[in-house]
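Inspection log for the structure reproduced underneath, given as structure tokens.
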Amino acid sequence: MTVELQIETVKPANTQAFEAAGQGKTLGPFKMQTDKLNAWFGQNHVLKDLSIKFRENQVTAIIGPSGCGKSTLIRCLNRMHELVPGAKTTGNVLLDGVEIYSRRVDAVTVRRRVGMVFQKPNPFPTMSVYDNVAAGLKLNGVRNQEKLDQAVLNSLKRAALWDEVKNDLDKSGVSLSGGQQQRLCIARALAVEPEVILMDEPCSALDPIATAKIEELLTSLKEQYTVVIVTHNMQQAARVADFTAFLYLGQLIEYGETTNLFEKPEQELTERYLTGKFG
Amino acid sequence: MVLKEQQRKEEESFRERLLGFFGHSIFQFISTFFGSVVAVVLALMAIVLVSGSFPVLQRFGLSFFTGVNWNPVIGKEAFGALPYILGTLVTSAIAIAIGVPISLGIAIFLAEMSPWKIRGPISQLIELLAAVPSVIYGLWGLFVFRFWIRDWIETPLSTYFGSIPILKGTPFGLDVLTAGLILAIMIIPTVSSISREVMMAVPASQREAAYSLGATRWETVRIGVLNYSRSGIFGAAILGLGRAVGETMAVTMVIGNAIGPAALPTSLLKAGQTLSSLIANEFNEADPTSLHPAALIGLGLILFMFALLINVFAQLLVWKVLKVKGGSVE
Amino acid sequence: MMPPSSKARRYKDRIAFGLCVVCIAIAVVPLVSILVEVVANGAPALSTEFLTSPPGVIGEAGGGVGNAIQGTLILMGLSSAIGVPVGVLAGIYLAEFGNNKLGHSLRFLNDVLAEFPSIVVGILAYSIIVATTNIGFSIGPLSIRFTTGLGSFSTIAGAIALSIIMLPVVTRTTEESIKLVPATIRDAAAALGIRKWRATVSVVLSTARGGVVTGVLLAVARITGETAPLILTVLGSNLFFTGLTHPVDALPLRIWRLALLPYDYAREQGWGAALVLIIIVLTLNVTVRLVTRGRYSMVRSRI
């Protein structure tokens, strides 16, 4: 049974919600934010006047039913959306207050500062574990063997993979298990020292044990990075995220501290989604 | 009435089933038969080449493959295929060395770098290169291209580097270098289209992985696409080699047609000869009562073995790559 | 520790793009030059006399390539008559029954033959059809002796050689076209109670018709330009077609022979013949590509 709702009865979150959420805690500034972001795939209007903010050093989850624009949103945050032919965006996206779509900003730099982990692990199959992690560094001109070794070590440690691969650094990237490959991709993303990490349903292709390992990782990652995680699994959002945003049909419906949103959602639509009335 | 209809139905279905059963088997048999024609052709080829060249092989043995003299006159026969084997190898090597990088550049441009709108027209244009018959390449090579090469490449090379052994000789235009370069042009459509297919089969997630690390477009192509398609591109190059080895007419019209020891490719600026060009040149005048035809068929045998080796190797590579990446891209 | 995204990387990207464009130019320049030269040099030679009369005396201007054009057309028709049925049936075999070891091997051999040097195919046709071969063997008291080959260069030998070259191409494209027919069509035919073999022949094949015809036309365009096998099989001639067992002339052969003569008129005639040949070949190619624009690209890429 499909649920059809008029857009007019839906009240999107307003900007005060962002400030209001997290009252009473010492929180850093907003690392990234969008302002009236619109995105299209050809004629398909996917994101509609979306304004959302992400707090520094916190994990923000983005939830919502399929097709609500979650993936499109985070791909706008690191300028990957524009790589698709026929894609278009209007509106602002700010990183540390600077517009990332401005002509003076190189998309390449943005993508280095805002890293991404994908739904299906995608290590480079022709490269070893070591080379996969070092790939981004070598692109940026780091040639010193010692520095590379150190960076690979640190990244793999931070991705909680070091112990499992430290004797197998020369093995092909795809010879690892699914969960290990995903942590390898995380390590690879961490190696270029991003400031924000975007995760597009990173655990949907993994088994529960591998998923648990990655969720554990997120708590330690947020100490150094700002994490935005898209997930269709509400329980996962409840487990790992400090803040949660609920998207529906390309619009932000509600935003708040995770516990508040899940226990006392303000919008009827949010409540209906959370209680499984539609999905 | 009902019984009659019942009977008729039973008859019909029996007849139909009979026809259907046999029809299917006959159909399968006929089409399998025709499907096997290609195997018969290749087998016949091998038989014909071996038996046709047998007299020469019997007489000269291994020296047929290692000798350098070539004299068809009855009584003074000498048949040595080495200069032509080397000629084929050298011209093909030039073709690969120049043609493959250019084809790669084209494939990368069409698969990764160009705006979508112009991909169609440009790839059609490149495909048109493959439609030009070989003899017209030869004609153009004989009257136009060789002068370009002579004036723009060979004369400067000879003037400045003429003392290097492989560049010795008076630049004339009809030589191994020109033949190699024309072959390079001729293999471009094949190598570039297969490379392009292979590149397009690389999953989008690979490119995304590279981009998300902050790679530029060229860097993404390098680490996300080219690495992944390495073996497929190699297969495409080998297929190009196969084409170059088998090419006859364009080569025979620009290679200068040397015979015997003079045909040894000691310099790029010397006239030469390949296996296929010699067969084309001499076959019609070969005296059937002499060993000459058998010797030419012997050259064909060598060519056959080369082509078989190269093509089998290439097909294995290309098949493996394209099948693995997603069966529909075949 | 991270150096900022440097200008050097951006330059490398630009240079890489530039080099790729240069590669395209290197490929396009010869194509344009060939077309220009053929048209510019060949057009003056065209005349009714040129297109309809046989060659004149060597050394004297006059005469034409009429017999060569006729020969080419006859060879195109004959080799298609042989190569197309065999190729289509082989393609049907591979598409319908080819999912086993035998099928895979035959498909593999087919692809190998497709890239084979055409002159070796010429040697095959020569040995079996042109040269007379006496084959005899005896088993005990029984002895069999027969002779293959006609003893002379002939049109039929050339047609067979060309059909062998055509065969793998038609097979491949037919197979691809049949594979493109959606399974739903076969399901529909089966649901109507049509036998599988009948369904293939009538329903599937007619749906795949477009792709098959495309492949055939492109294969014909390819063999029209083949020269090497013809040298060994039809020899060439100065007369119009005189019979299947006699030599015949063909445009590519004539072009080659004219190009090697040291006379000015020969050179001009050579370009003229080249113009006629290229018009035939390119017309076939371009028509096919225009008519099937977008569709059957899978089929076309297999040539």
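By letter and in written order, the chains are A, B and C; residue numbering begins at 1 in each of them.
Definition applied: contacts are C-beta pairs under 8 Å (C-beta built on N, C-alpha and C of every residue); 3 or more make two chains touch, one makes a residue touch a chain.
Computed from a prediction, not measured in an experiment: that's the story for all the values here.
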item	value
Chain pair with the higher count of C-beta pairs in contact (B-C, A-B)	B-C
Far-end chain from chain C, centres as C-alpha averages	A
Separation of mean Cα positions, chain C and chain A [Å, integer]	55
Euclidean distance of C-alpha centroids - chain A vs chain B, Å	49
Mean-CA-position distance for chain C and chain B (Å)	14
Shared-contact residues (touching 2 or more other chains) in chain A	108-109, 112, 139-140, 192
Multi-partner residues of chain B (at least 2 other chains)	214, 216, 219
Sequence positions of chain C contacting 2 or more other chains	5, 9-10
In the complex, chain A residues that touch chain B	78, 80, 83, 85, 108-113, 115-116, 118, 120, 122-127, 135-136, 139-140, 185, 188-189, 192
Residues of chain C that touch chain B when the two form their complex	5, 9-10, 12-13, 16-17, 19-24, 26-28, 30-31, 33-34, 37-38, 41, 85-86, 89-90, 92-94, 96-98, 102-103, 105-106, 108-113, 115-121, 123-124, 126-128, 131, 164, 167-168, 171, 176, 195-198, 200-201, 221-222, 224-228, 231-232, 235, 252, 255-256, 259-260, 267, 270-271, 274, 277-278, 281-282, 285, 289, 300-301, 303
Touching residues on chain B, where the partner in the complex is chain A	116, 203, 205-216, 219, 223-224, 227-228, 230
Complex contact set, residues of chain B against chain C	20, 23-24, 27-28, 30-32, 34-39, 41-42, 44-45, 48-49, 52, 101-106, 108-109, 113, 122, 124-140, 142-145, 185, 188, 192-193, 197, 214, 216-219, 221, 239, 242-243, 245-249, 253, 276, 279-280, 283-284, 288, 297, 300, 303-304, 307-308, 311-312, 314-315, 319, 330
